[in-house]
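Structures follow.
Next come two complexes built around chain A: one with chain B, the other with chain C.
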Partner chain A sequence: VPCISSGLPKPTNITFLSINMKNILQWNPPEGLHGAEITYTVQYFIYGQKKWLNKSECRNISRTYCDLSVETSDYEHQYYAKVKAIWGMNCSKWAETGRFYPFLETQIGPPEVALTTDEKSISIVLTAPEKWKKNPEESSISMQQIYSNLKYNVSIYNTKSNRMWSQCVTNHTLVLSWLEPDTVYCVLVESLVPGPPRLARPSEKQCVSTLKDQTSELKVK
Partner chain B sequence: LRRCLISIDMHRIEESFRGIKKAIQAKDTMQNVTILSPSESLHSIKPLDACCMTKNLLAFYVDRVFKDHQELDPQLLRKISSIANSFLYMQKTLQQCHEQRLCHCRQEATNATRIIHDNYDQLEVRSAAIKSLGELDIFLAWIDKNHQGTSDA
Partner chain C sequence: GQEFQFGPCRVEGIVLQELWEAFWDMKDVVQAQDNITNVRLLRKEVLQNVSEAESCYLIHSLLKFYLNTIFKNYREKAVKFRILRSFSTLANNFVVIMSKLQPSQENEMFPISENARRRFLLFQREFKQLDREVALTKAFGEMDILLTWMETFYQ
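Right, the complex of A and B next:
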C-alpha cells in the first residue's frame, strides 16, 4: 500500500561510504522522531540511464544503511541514491545523494604488511588491497590493477628513541637499513593514489624487534 | 599521451573542480542524460588515440562549454576560469606536440569526439554547458589514467 507523502521529515546526511569499491549507502534518521518506529526505502540511479531503480533488499528496512556495492560495481560510471522515511501510512520526501563517482571517491584500504627482521634491518613486503567482490569464489582484482599509480606511505617508529619517519614507495618491497639492534620498531602503512584527496585507512600498527648484535655478544664471551 | 608528454598541474585543476562540483552538479537536473558517457566515448579510446582525444576534448571545453556557460556566482566563476586557463595552457603544449606529428588523429577518436558533440547539441545550450562542466571529473580522471607518471610531477 503506497504511503502518503506527508510532512514527515526526510532522513539526513545521506552519503556513500566506499572502501575498495564496497559502496554502502548510509544516512541518519529524520530529526525529531526519536522512539518512533521508522522504516526506510532506498532507490538508486545510474547517471545517464533512464529511471530510478528499486533495491529490493532495502525496502521497508529499519536499519540506516544499505549495501549498494553490486548496483554500483561499474566504478567508471556515476550514481545517485535516495532514501525516504516511512512511519505508519506517512512517508517523507526523498533525501538524495550528490553524484557518486566510485573511481574517484572510493577509499583505498591499507595493504597487507609482512615484516621480517635482521640485526640492523627490517624487510617489509606489501600486498595491495583487493577490490570488493560479490562472492568469495570470484577471482580477486587488486586495487593496483585499477590504480596503476597506487603508492604506499610507510611510517616507522623507533620505540627506544621515539623517533618517527616515513617513506613513500611505489614497489611492494622495502628494506629499512641502518637500524639499531635489539630495538622495537613499529610500522604503519597507508595506500595512496595521486589525484583528488581521499580518506586514508592506515594498516594495523605492527611492532617487531631487530635482533641482538651478534658481534658484541661474541666479544663479551 | 605518454609519447606526447605534457606537464599539467592536475592537482590544481582537480582542486578547482572540487570547489564547483557540488554546486554545478546540483544545477544539472537531467540525471538521465550524459555528455561524456563513459561507455560510448572515453573508455573505448585506446592509448594510441589518447593524445588526439585529449586535444579534441580540450577544444570542446574551451571553444564550446566555457563560452556557453554563464556563471553569476563570483566564486564559482573564479574556479571555472582557473580550469579554463589550465586547459588553454594544455592546448598550447599539445599544439607543439601536434606540429611534431606526435598527436595523430585516427577515426576512433574522431567518432568518439563527434558523439560528445552530438550529445551536447541535443540539449539546450545552457543545460549542455552545465552538464559538461559537471562531468569534468570524468574527463580529468580519464586524463589522469592516460597520463600517469607525469601528472604528479
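Right, the complex of A and C next:
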C-alpha cells in the first residue's frame, strides 16, 4: 500500500561509503523522531539512463545502510541513490545523493604487507588490494588491474631513534638497507592513485626487529 | 615530469593533479545544478576504445568546444557559484594543452580523423538537443569524465 508523502522529515547525510568498489549507501535517521519505528526504502539511478530502479532487498528496511555494490559495479558509470523514511502510513520526501562516480571516488584499501628481516635490511613485499566481488568463488580482480598507475606510500619508523621517513614506490618489492642491527622498525603502507583527492586507508602498523650484528657477536666470543 | 601523449601529439608542462583538484573543489556545486540526469553527453560511445591515433583529433575537438562554447558561456555562472578560481585553473590549462596539440592534416590520416569526428559529433549533437543553459551546466559537470579519459594518456 503506497504511503502518503507527508511532512515526515527526510533521512539526512545520505552518502556512499566506497572501498575497493564495495559501495554501501548509508544515511542518518530523520531528525526529531527518536524511538519511532521508522523503515526506509532505497532506489538508485544510472546517470544518462531513463528511470529510477528499485533495490528489492532495501525496501521497508529498518537499518540505515544498503549495499548497492552489485547495482553500481560498472565503475565507469555514474550513479545517484535516494532513500525515503516511512512511519506507519506516512513517508518523507526522497533524500538524494550527489552524483557518485565509483572509478574516481572509491577508497583504495591498503596492500597486504609481508616483511622479512636481515641484520641491516628489511625486505617488503606488497600485494595490491582486491576489488570487491559478489561471490567468493568469483575470480579475484586486483585493484592494480583497474588503476594501472597505483602506487604505495611506505612509511618506516625507527623505534630506537624515533626517526620516520617515507618512500613512494610503484613496484611491489622494496628493500630497506643501511638499517641498524637489533632494532625494531615499524612499517605502514598506504595505496595511492593519482587523480581526485581520496580518503586514505593505511595498513595496520607492522613492527619487526633487524637481526643482531653477527660480526660483533663473534668478536665477543 | 609527466606529459600527455595523445598518439603523436605530446603535451608537456601540465600537472594533471591540479586540474583534478580544481574540478573536485567545485564538483558538488556544479553537478547539483544538473537536474537532467537521464542525459549523459560524454557517453561511453564517445570515449571508449579510442585509438592512440584518433586521440589527438578527438581531444583537440573536445577542448576547442569546451573553450569556445562551454567555458566562454559559463563564466557568469562560475562567478555566481564562486568557483572562479577552479574555473580559471581548468580554462587556462585547457588553453595550454590546445596550443600544443597539432593534429596531423595529411590525407592518409583522413579515416582516423573522420572516426574521431564521428565521436565528437555524437557529443555535440547530444549537447545541441538540450536547452542551452542546461547543456552548458551538464557539460561543465561532466569534466570528471573528460579528465578520467585524458588521464589514460598521461604518462
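General observations
Operating definition for what follows: the second predicted complex is superposed on the first by the 221 of 221 C-alpha atoms of A that agree within 3 Å, B and C clash if a C-alpha of one lies under 4 Å from a C-alpha of the other, contacts with A are read in each partner's own complex, and residues count from 1 in each chain.
Here, a contact is a pair of C-beta atoms (placed from the backbone, for glycine too) under 8 Å apart; a residue touches a chain by one contact, two chains touch by 3 or more.
From a predicted model like this one, the values you see are computed outputs, not experimental measurements.
Considered on the superposed chain A, chain B and chain C are sterically incompatible, since they clash. In the superposition on chain A, contact is made by A:Arg99 with both chain B and chain C. When the two structures are aligned on the shared chain, A:Tyr157 is found in touch with neither chain B nor chain C.
By the touch criterion defined above, A:Tyr47 lies against chain B and chain C together after alignment on the C-alpha atoms of chain A.
Of the two partner chains placed around the shared chain by superposition, chain B and chain C are both touched by A:Gly195. Of the residues of chain A, those at positions 45, 47-51, 76, 78, 80, 98-99, 101, 103-104, 149, 194-196 touch chain B in one of the two structures and chain C in the other. Per the touch definition, chain A reaches chain C in the complex via residues 45, 47-51, 76, 78, 80, 98-99, 101, 103-104, 149, 194-197. Across the interface of their complex, chain A is touched by residues 16-17, 20-21, 23-24, 27-28, 31-32, 34, 37-40, 43-44, 141, 144-145, 147-148, 151 of chain C.
The residues of chain B lying in touch with chain A in their complex are 10, 14, 18, 21-22, 25-26, 31-34, 37-39, 43, 134, 137-138, 141, 144, 148-149, 151-152. On the chain A side of its complex with chain B, the touching residues are 45, 47-51, 76-78, 80, 98-99, 101, 103-104, 148-149, 194-196.
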